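Sharing a structure with you now.
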Amino acid sequence: MEKTKDFRLYGAFIVLFLVLLPLGNLFGIVSNNTISLWGRYFCFAIVALGVDLIWGYTGILSMCQAFFFCLGGYSVAMHIVMKGATASGADGTSIPDFMVWNQVESLPFFWAPFQSFGLAMILGLLIPAAFAFVFGYFIFRSRIKGVYMAIITQALALAMWLLFLRNETMLGGTNGLTDFKSLLGFSLASPNVKLGLYLLSLAGLCGTYFLSKKLVDSKFGKVLQAIRDSESRTSYTAYRVLDYKLAVFIVGALLAAFAGMLYAPQTGIITPGRMDVRASVEMVMWVALGGRGKLKGAIMGALIVNFLYSICTSLFPDSWLFILGFLFVITVLYFDKGFLGMIEIIGNKFRKKQITEKVSGRQVVES
Amino acid sequence: MNYIVKMWLGFCLCLFIGKQVSAQSDSTSFYVNEVLSPSNDSARTQAIKRLVSIRNPSTFPILSAINDKKIYMVDGKAVTTGEVEELADGSEIFPLFYLFPENKPVLDTDGKPKKTSEGSLKKVDISRSDRLSLNLILPYLNLANPEPKKRIVAYGQLLTSADDTKIKILSEALKLENDKEARTAGKEILFQLKLNEAVSENEARAYIDSLDSNWGENVTIILKEYSASGKLAGAKKYAAEKVEALEGLQSRIEKAQNLFSGLSLGSILILIALGLAIVYGLAGIINMAHGEFLMIGAYTTFCVQSLFIDTLGIKSDMFFFVSLPISFIVAGLFGLVLERLVIRHLYSRPLESLLATWGVSLIMVQTARSIFGDLTAVKAPSFLAGGWQVMPHLILPYNRLFIIVLTIVVVSLTYLMLYRSRLGIQIRAVTQNRSMSACLGVETRKVDAITFFLGSGLAGLAGCAMTLIGNVVPDMGQTYIVDSFLVVVTGGVGKIAGAILSGLGIGFLTKVLESFYEAVYGKVLILALIVVFLQFKPRGLFPDKGRIAED
Amino acid sequence: MKTLQIRQWGILLLTLVIGLSGCGGSASGDKKTEEGETVKIGILHSLSGTMAISEVSLKDVVLMAVDEINAKGGVLGKKIEPVIVDPASDWDLFAEKSKELLLDKKVSAVFGCWTSVSRKSVLPVFEENNGLLFYPVQYEGEECSTSVIYTGATPNQQLIPAAEYMMSEAGGGYKKFYLLGTDYVFPRTANKILKAFLLSKGVPKENIVEEYTPFHHQDYQTIVSKVKQFAAGGKACVLSTINGDSNVPFYKEFANQGLSAATCPIMAFSVAEDELRATDTEFLVGHLAAWNYFQSMESAENKKFVEDFRAFCKKNNLPGGDKRVTDDPICWAYTGVYLWAKAAEKAGSFEVSKVRPALYGLEFNSPDGLVKMDTKNHHLAKPVMIGEIKPDGQFDIIWKSNGLVNPEPWSKLTSPDKDCDHVGHGGTYTVASK
């Protein structure tokens, strides 16, 4: 029963996003904007998967996922900007245009590796992973958890945000990186490339979903849930809790960075505004609203909240914050299993009604 | 009246400077007329330039009125306004003074001084360039200015003046000087002028010593200049020694100033974190909307101010003292509502409450924005403007001192409440073991509500204090909130002593690091330090001990 | 039974597709613009988040202009229908919303953006989709987009005249310049141009100091004491591109450390009436600012504009009500709407490709007096003014340029080889050296 329901859901998802939307786009019914909008939502859904692994399954509330997301985004953006650079520095090498007004004469050393696409991709994953490893190691070693963890990671997000805002960091300051022209020779302005990126994001989401599912269903996943339910008891049974937490923290960071890499070319800009404290809390919010501890819930939350964000800022420009704010509060208060839980509750009631109807119907026939 | 006295003093001085007047008086009145009703623009410029070069004392009042942009025409005569008087209905009127040929009050038909509002006067517009051409004689005009700040500028301008008599004028002017700061500044100029003209080494040394003991704003610069380009070799060396000593003193003062900034930042953090720490200790909840209660406190202060000034028409600084308790109560009531509607359902789920309160903070910020719109500011009470001059060059602003005192008072009251009252015992009991206290007859629900009221109220109080140093904007709560979270975490669960120690520690560290690095790098370093600190004290400065420490 | 289920699924999916492709539906919106009584314009100003403080006023004034035009019968017989969205000070959302306005709502023109980063964020979207953005804020130049109509000042319409004035006899003949700004693209470029200008006028390098502070910086103690040392010899002034809420603490500290407008004036490029409206101006009095428009201008058009704006805010119950003030960006946001309406009338069409050429050389009697679009690029020629801050937060206009100043999107000082010409060269081109 559960399996078939799952398959029906997957089927609907695939038909809708893999067939109907792209086809609609090709025939001009669905606009390019919608396509790139959903492409970006998929990226957010990938981050949400990471958040769910860390928070929903392991019980660690991390509020710096947006920072990892931006590390991934920046690495791709740096590569694109490097390739599109038209200005030349004092020593003849080409440097990105924004450095010219910044009065930078030559390319900073850490930009050099991003000239190669492969290296940029590797670094885009390696840097967040290394960061998560070092930061996570110190935090988990001292057994910081719960609200403490939330606050420390929040402070990290704040500090990094301030750092990226500086022009001295050589990453474009407040303006971030923009003016993306082409990636691997494909012009980012063309609708087909946009559709391609959309499909790539969809594939990325499906791929990461099934990997995460495998992870969750494995023994590793069971240990994570054990840690969530009682960390001390898990450690008494000779599991090295630190290793498990560190591993899942790194996985979460990798997922976020991967999503960031897909996100930057579709948005056309990456700025420190994406990594402030608010952005990180929002990411946790998606999972909370979708239903934490369920991978489907995380995806659903990310898609629905972002879709609502897009719609409400257009339909109710003056009052959308009230709407979203109340939605957050009410969901947290009354639907602690999120949208997924809500659907289940409604579904159960509906089914019960059906069953009772059926039962009573049969009774009528019998009598 | 003070204005007139000063004007007359100015006159005496002017007479002292004055050259022979009588022969020029005809041409003077011609130029004055030309200034007031010029045949064309360049004629006015020319006339002002002439008046400046004539330096007739009788024209000084009119020239200084031009410089202050307070020159008006009444019945074809130039007048200026005196000190403002306020009428019962809040409108402002000014007494009028004729400027030329005599500086005397304008009388109405009854022989009483005529007073009028500024709007009813016809202003004479004189271009900035013409006003700037008065710069040449500004020193003389302003030496008698009623405002000490203007006089300080005037003393400074004498330095570059080419007039031979300036030392004499300056020492005359200093005899009349009654403002301490202005006297120091004036003396500094005097000694500098004398030092530059000193011919014997002893004389120069004496002036260097006087400069040193006078200890004005620019003394190091003056002595440095002298030690580099002075005429007397021995005195140059002496000046260089003095500079070194002064610079040492200066750096010590800078350190003191830095420590004070740290103390001030620390007390702000404590004030914000105190409420947070109490609530956190009681319920394990980090209230993400805590910053918004601060905002509510600030807007309450703003409303009280508008009520006092706009509605009741009371222009007194009392509004600030009234708004202190009101902002506490208003923010506390909002906290009570939040507790009832939201937090109550989430006591067993701290992480969810973090998210719910975050949603609440979104709503509150947007509500404030749609009610109050944009940037507003509370005008700080006048007795909190300026600063306490501990010693020359070390000024501690009154508003910051006030916040420090307020913090001390609030912390002591909170301490008394927690440790010397029945309510305090109940709060501490619930903090330690909720179910056991409930068993013993403590009404935990009521204690929760009261604690939340107190915590939010403290934030409101902090918001009221914050209006003294910053703007009042809807998202003002965000500025310090992450820092105060850190204070709570570093301090330990619900410990007042912890919040105080860590608040001060973070405040001092921030300011010390800021003086070495830029603010941003300071912040990153602080975070690193806290992470390292938590390696050794994972439960904060004052962790719970014994069985309650377990999960 | 089974077939019915499949059909149900199909219907569900179809409704979902329609729902997901953005509300309103793109196809139907298309026809409405062509045949209906209205023409749509987009308003893309942040109504929430950090930039709301500045941008909400611009949204208000654009709506006022729309009301006025509609009251007179609209444009080409059609009423204007404003589509307001909230990009929420979120730079990514700016790009997303501009896509939505252009592709889904099919607006004829967009009025919006304030910060450089928001403009940079939407720029590719407008260029790809042939949109038209009216950008009302003074900016750093070095840009020449076909899709943006810059109604705010270029550097030479604000920075250079101000620096020239400070150096002149009339302005005080200042010899030393402290260039102080917030750390982002406008101050950086502005100071680059100012520095080049000052050097070209023979100001020695050691008499120019450049310094930047982060956004929302509040503690100006160290910087002001540096300025004080710098100004100790006299004849020094500060050219400030400090932004937003940092200004009040900076001016406060400046006064507290004993500096004043008489000894060392601050010439500001980002302080306008709207920011001074509710703050304590005591410490700012006597300092200077350079803009193209001030509320205190005496002309009849301006007085009417100011009155109308107040009445509009009061009527619509906007925060501030009839205490609202106008300032430079507000004036240009208002002018932008009229320029677009006039150009559409002239072109006889709302199509961007027809409206754009109609804009070249267009004249409009704005609250600021007669202003004129450049004949070759997308900037306005307008007067430059310098004002002295008064205690009530208004400005005393102490200098006015002689007639209109032509725009220079590429500063002649820093990029002498570049120019912007959409008629002959299709954008930025390299000037052949003689």
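Every chain is named by a letter (A, B and C) in the order it is written, and numbering of its residues begins at 1.
In the analysis below, a residue touches a chain if its C-beta (ideal position, glycine included) is under 8 Å from a C-beta of that chain, and two chains touch if they have at least 3 such contacts.
A quick note: this is a predicted structure, and the numbers were derived from the prediction, not measured.
Chain centres defined as mean CA positions place C nearest to the mean of all protein CA atoms.
Taking the mean of C-alpha positions as each chain's centre, the chain lying farthest from the centre of chain B is A.
Separating the CA-averaged centres of chain A and chain C is a span of 34 Å.
Computed centre separation for the pair chain B/chain C is 32 angstrom, with centres defined by C-alpha atoms. Rounded to a whole number, the gap between the C-alpha centres of chain A and chain B is 45 angstrom. Taken residue by residue, chain B touches two or more other chains at 366, 370, 520, whereas all remaining positions touch fewer.
Shared contact sites, meaning residues of chain C that touch two or more other chains, fall at 48, 214.
Those residues of chain A in touch with two or more other chains are numbered 162, 165-166, 318, 321. The touching residues of chain A, counted against chain B in their complex, run 55, 61, 135, 138-139, 141-144, 146-148, 150-152, 154-156, 158-160, 162-163, 165-166, 230-232, 277, 281, 284-285, 288, 318-319, 321-322, 324-329, 332-333, 336.
Contacts from chain B toward chain C in the complex involve residues 69, 127-129, 132, 149, 152-153, 156, 160, 217-218, 221, 257, 261, 366, 369-377, 379-380, 387, 395, 397, 470-471, 473, 475, 479, 514-515, 518-520. Taken together, the chain A residues at the contact with chain C in this complex read 12, 15-16, 20-21, 24, 29-34, 36-38, 40, 98, 101-103, 162, 165-167, 173-176, 178-180, 189, 267-269, 271, 273-274, 307, 310-311, 313-315, 317-318, 320-321. Of all the residues in chain B, the ones that touch chain A in their complex are 280, 284, 286, 288, 342, 345-346, 349-356, 358-360, 362-363, 365-367, 370, 482, 485-486, 488-489, 520-521, 523-524, 527, 530-532, 534-536, 538, 550-551. Those residues of chain C lying in contact with chain A across their complex are 9, 12-13, 16-17, 20-23, 26-27, 47-48, 84-93, 95-97, 99-100, 102-104, 115-117, 120-121, 123-125, 128, 140, 142, 183-185, 188-189, 192, 212, 214-215.
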